[in-house]
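First the structure, then my questions, so here it is.
By written order: A, B, C and D. Residues from 1 in each chain.
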Amino acid sequence: MKNIAIMCSGGDVSGMNPALKHFVEYTKSKNITPYFIYNGYEGLIDNHIEEATYKDVAGIITRGGTKIGSSRSKRFLEYEYRKVAKENLDNLGIDSLVVLGGDGSFRGLHQFYKDFGIKFCGIPSTIDNDINGTEYCLGVDTALNIIKVAIDSIRDTASSFKRAFVIETMGRDCGYLALITALTSGAEMCLIPEVEYNLADYEKKFKKEIEDGRTYFIAIVAEGIKQDSSEIAKWFEETIGMEARVNVLGHMQRGGNPSIYDRLMAYKFVNYAVDALLKNQNESVVCYTKKGFVYKNIDEVTKPYRLDTELIKSL
Amino acid sequence: MKNIAIMCSGGDVSGMNPALKHFVEYTKSKNITPYFIYNGYEGLIDNHIEEATYKDVAGIITRGGTKIGSSRSKRFLEYEYRKVAKENLDNLGIDSLVVLGGDGSFRGLHQFYKDFGIKFCGIPSTIDNDINGTEYCLGVDTALNIIKVAIDSIRDTASSFKRAFVIETMGRDCGYLALITALTSGAEMCLIPEVEYNLADYEKKFKKEIEDGRTYFIAIVAEGIKQDSSEIAKWFEETIGMEARVNVLGHMQRGGNPSIYDRLMAYKFVNYAVDALLKNQNESVVCYTKKGFVYKNIDEVTKPYRLDTELIKSL
Amino acid sequence: MKNIAIMCSGGDVSGMNPALKHFVEYTKSKNITPYFIYNGYEGLIDNHIEEATYKDVAGIITRGGTKIGSSRSKRFLEYEYRKVAKENLDNLGIDSLVVLGGDGSFRGLHQFYKDFGIKFCGIPSTIDNDINGTEYCLGVDTALNIIKVAIDSIRDTASSFKRAFVIETMGRDCGYLALITALTSGAEMCLIPEVEYNLADYEKKFKKEIEDGRTYFIAIVAEGIKQDSSEIAKWFEETIGMEARVNVLGHMQRGGNPSIYDRLMAYKFVNYAVDALLKNQNESVVCYTKKGFVYKNIDEVTKPYRLDTELIKSL
Amino acid sequence: MKNIAIMCSGGDVSGMNPALKHFVEYTKSKNITPYFIYNGYEGLIDNHIEEATYKDVAGIITRGGTKIGSSRSKRFLEYEYRKVAKENLDNLGIDSLVVLGGDGSFRGLHQFYKDFGIKFCGIPSTIDNDINGTEYCLGVDTALNIIKVAIDSIRDTASSFKRAFVIETMGRDCGYLALITALTSGAEMCLIPEVEYNLADYEKKFKKEIEDGRTYFIAIVAEGIKQDSSEIAKWFEETIGMEARVNVLGHMQRGGNPSIYDRLMAYKFVNYAVDALLKNQNESVVCYTKKGFVYKNIDEVTKPYRLDTELIKSL
């Protein structure tokens, strides 16, 4: 008999709840006792850890966010607090963790493993899709579809009124959300942190298109580009000569009923993560690659992410 | 045989397209020839006026915005341009207009009628729901439901992470959107331009709720309150002691597939508007009141709007 | 200090959960203790009655159906079981009920009142919108919008493929759902139980339209028309000469995240219902009429419903 | 300079419109003239072929179905008609086709190539996801998400009322839609054509669950299982002793605003298909495999499909 706990760490994503549900079902089917660590590292330190039941996960498959909460924690950076965490786990007989989070979370657990030998398996979870070594992070598909609805909605109003819209997606270092939604919504402009741009290059093209009859523009820009979205809007007004509005999509990108793809990926990620712990594999992260699901070690996953160059070419 | 034209003026709303479709069908069933004036007053001046066909309106019922465009116009304030507009209508034998717009648009047409006797019937259309004399303006229900989806989505993430969210809805002078969405989404705070507020009043209440276990707050604020949304967020962080985020919903509130209610109201508004013109009624606006649909005159409709006091009491 | 219980009876509708939430909040604000009767009449008999808390209603505002369950009950038709129900209420000091249900449910409570003097106030709740005396029953707007999405979706495929689609909505005796969705989605045919129809009348019209270039038809039919939907499809294939498919929308019409309109109506219905009981009003039903909210007595509400003749004329 | 035409064949899927849009954009960027063949094989025979413009594809990215229509054709089975089709293409200087369709469509084009040397590249398009050699067929993700919404909606009502729901998805020979939606929505039963089942095996399990407190069941069944859905419902009523309802989802599964995944796959499929024709590759089909996109020949793609055994194990 074995006890495994699951926790969420860092920003929440849609797909965490389906993962929690399947975690309970899959561990029980393997005669493992599942535990929930509430509120991420904070709950680990504060001993907010409870055995998970079917009842806990009833009906959560349709909800965004995470039922067990998440957090960022400064305390976990200190050895003293990690030691408390270790004692909490010992008291419950838990020696393995499944962790839904990003590279920062994995780094914290790496230290925890080095200190105390608590095994973990990571499931990449961030709507930014910016974890090295995996093509997909949990939550991305739901986020993309939420952005799609917003863009489709704004396009209606843009086309009625001769206007440019500058729509800002999340993505501080990574333009994945902006790039994919621009590509799939026919946006006229897409600016991302990974690619140098020069507004002057767009000027001639856009003025020509206006001459040819174009009456509106949709620009999708990632949060992390060097300019503020309002500067892009100002450029449309002053240089292109078209009234412009900014729409910062914000946190609504995170939530919402998980898409089929995120539910299915949650299912598969959890299977691989639990299997890894059953095989006593240490410090691995489940990655989805061009060759299917593989395990990668912590070093690879915590390297800086680079956006698919093929996708960048579509710009 | 009679010719009637329809135009959209001011901000577009979801529901204009179903209104255009039904306008074509209803006029034709009455042996009237329907015309579209493209791009609002601008098209009226520039003679962008065309006979409307079934083909023009095929498939538009599911689209937000307005297929015939809209505009605001400074030129129409000048007699010279209004005279050009009148000549354009004369040339096509059009003496009556249906106008989807707000009180500003109706005022312009009032002047046009005084100058040249062009009759019109107005259909109140603005997501702000701030036109005096009517309980409902076209587009409001769709806008409310779009805001609902955003709030439901944000609530997922708020509850996973111990955070306050300040969600800003449209409404420069009118808190209707904020008030109704706060009421129907269980928001903890709602601030609108019509009601004085004092953040200090919330402080004790919220701190007590945190003691009792509350882990997040949703505040819905209308665009037109005296403070910037970021100041409300700062208050949550500094006074309440909870991390806070701002989400300005922006123009995505305008668009989207029209709801059943807006499609049905579009249908009824158009019936009443065309009927008024057939009866040679002048300068009326179709209003939806507690007694059903009635016509009101331009003076009443252009008075300042006041929010339902019963609703305000729910705050 | 007073105790009031709420129950759901008959078919569930979207809007019941927001009503339950507001019931708890509104009664508590009036110093009334709220109780939930689980599973309708069955729970009343089986003493499944519990004090309702804020926690019970957390997060339910976004869910269709009813958290406290509903049922139909043959036992409640018998005096013996009603007597047991009365004793259960007495033991908890409950003398008044708010009931979300249809005319059948109200009739049961009428008998209960005659037997034992338990006061109630009814809130009309059925997606069929077929309760006499009220223009609106809780759940209808959400149902209409779900049907809208299905029709919009089917229209895409109909127009790609030269086909007729026969879409069957709920409504055994009442064509409201079919009529409104046909009107607002531009369906080419709408058949409802309240209106005699003759397929032969459509034949000439439809054949003419095919000659003029029409490539598909959408027919919306209510569950309760005299023919089976498959017969209508057969008529399209054999008489009109166009391949046809049937889509019976079924129970998915009932559920789904409540629309703003249903959430708002739930709020108002509950206010009126609780107020009636506080005023010791007996056996009333809150009705939404052309004059706003009014109370009607049980006799009026249980009369047969008649569809708005103005709407029927739109056919 | 080269001319390439695109056509849709067989059942329409959501994702065809984004593919058409990108086809126009991508061919033009390569200095190829794009043509649309309207209504599938029928339009090929009847010479309904036109040069495609940007205007043709404006705004279609958000629509399900296919703007250029589709068809099945008995005439194309005859040499005489294929010869007419070949002449139509010759007259326009078109020697290569991109075809969105299923294995039947590809077989027809194979014969056409053998007869007249018209090259083609196929894009697997069917919501059944049952084409051999590709892990993904265009349209599947949108269909899955539409089914998800329906199931989520039905679950609300199931849980309020103690009922079993038998939800029938499309899939005459292939249980993919049923299997994935069951897996991702936590359905209690899933029956598909590929797997033998015995209702008796479920009886003990379900009765035990009812004893343990379960109050409803969701069963997802594929269209092509050996029993009618109503028989499964009858089994729930008679053997399990729970009221049951059937919901046949039908054609609404086909349509709807394409999901991000389908829009992105449409983009990539089109790139690969056009590239194949530019390289004068014959009779290939773009397949998405565990190794990414590859071309497969017609023989492999027209073999019978087999469902992923790993997925089947999840049953």
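Criterion: contacts are C-beta pairs under 8 Å (C-beta built on N, C-alpha and C of every residue); 3 or more make two chains touch, one makes a residue touch a chain.
Predicted model, so just to flag it, every value in this text is computed and none were measured.
Among the remaining chains, those touching chain B as well as chain D are A, C. Chains that count as touching both chain B and chain C, per the definition above, do not exist in this structure. At the far end from chain C, in terms of centres built from Cα atoms, lies A. Remark: chain A and chain B have CA centroids separated by 35 Å (rounded to whole angstrom). Computed centre separation for the pair chain A/chain C is 40 angstrom, with centres defined by C-alpha atoms.
Here the CA centre of chain A is 29 Å from the CA centre of chain D. Residue positions of chain C touching 2 or more other chains, listed in rising order: 152, 155, 159. Contact residues of chain C toward chain B in the complex are 18, 21, 59, 61-62, 141, 144-145, 148, 152, 155, 159, 180-181, 183-186, 257, 259-261, 263-264, 267, 290-292, 314.
Against chain A, in their complex, chain B makes its touches with residues 8, 11-12, 14, 16, 39, 63-67, 69-71, 146, 149-150, 152-162, 165, 215, 245-252, 254-256.
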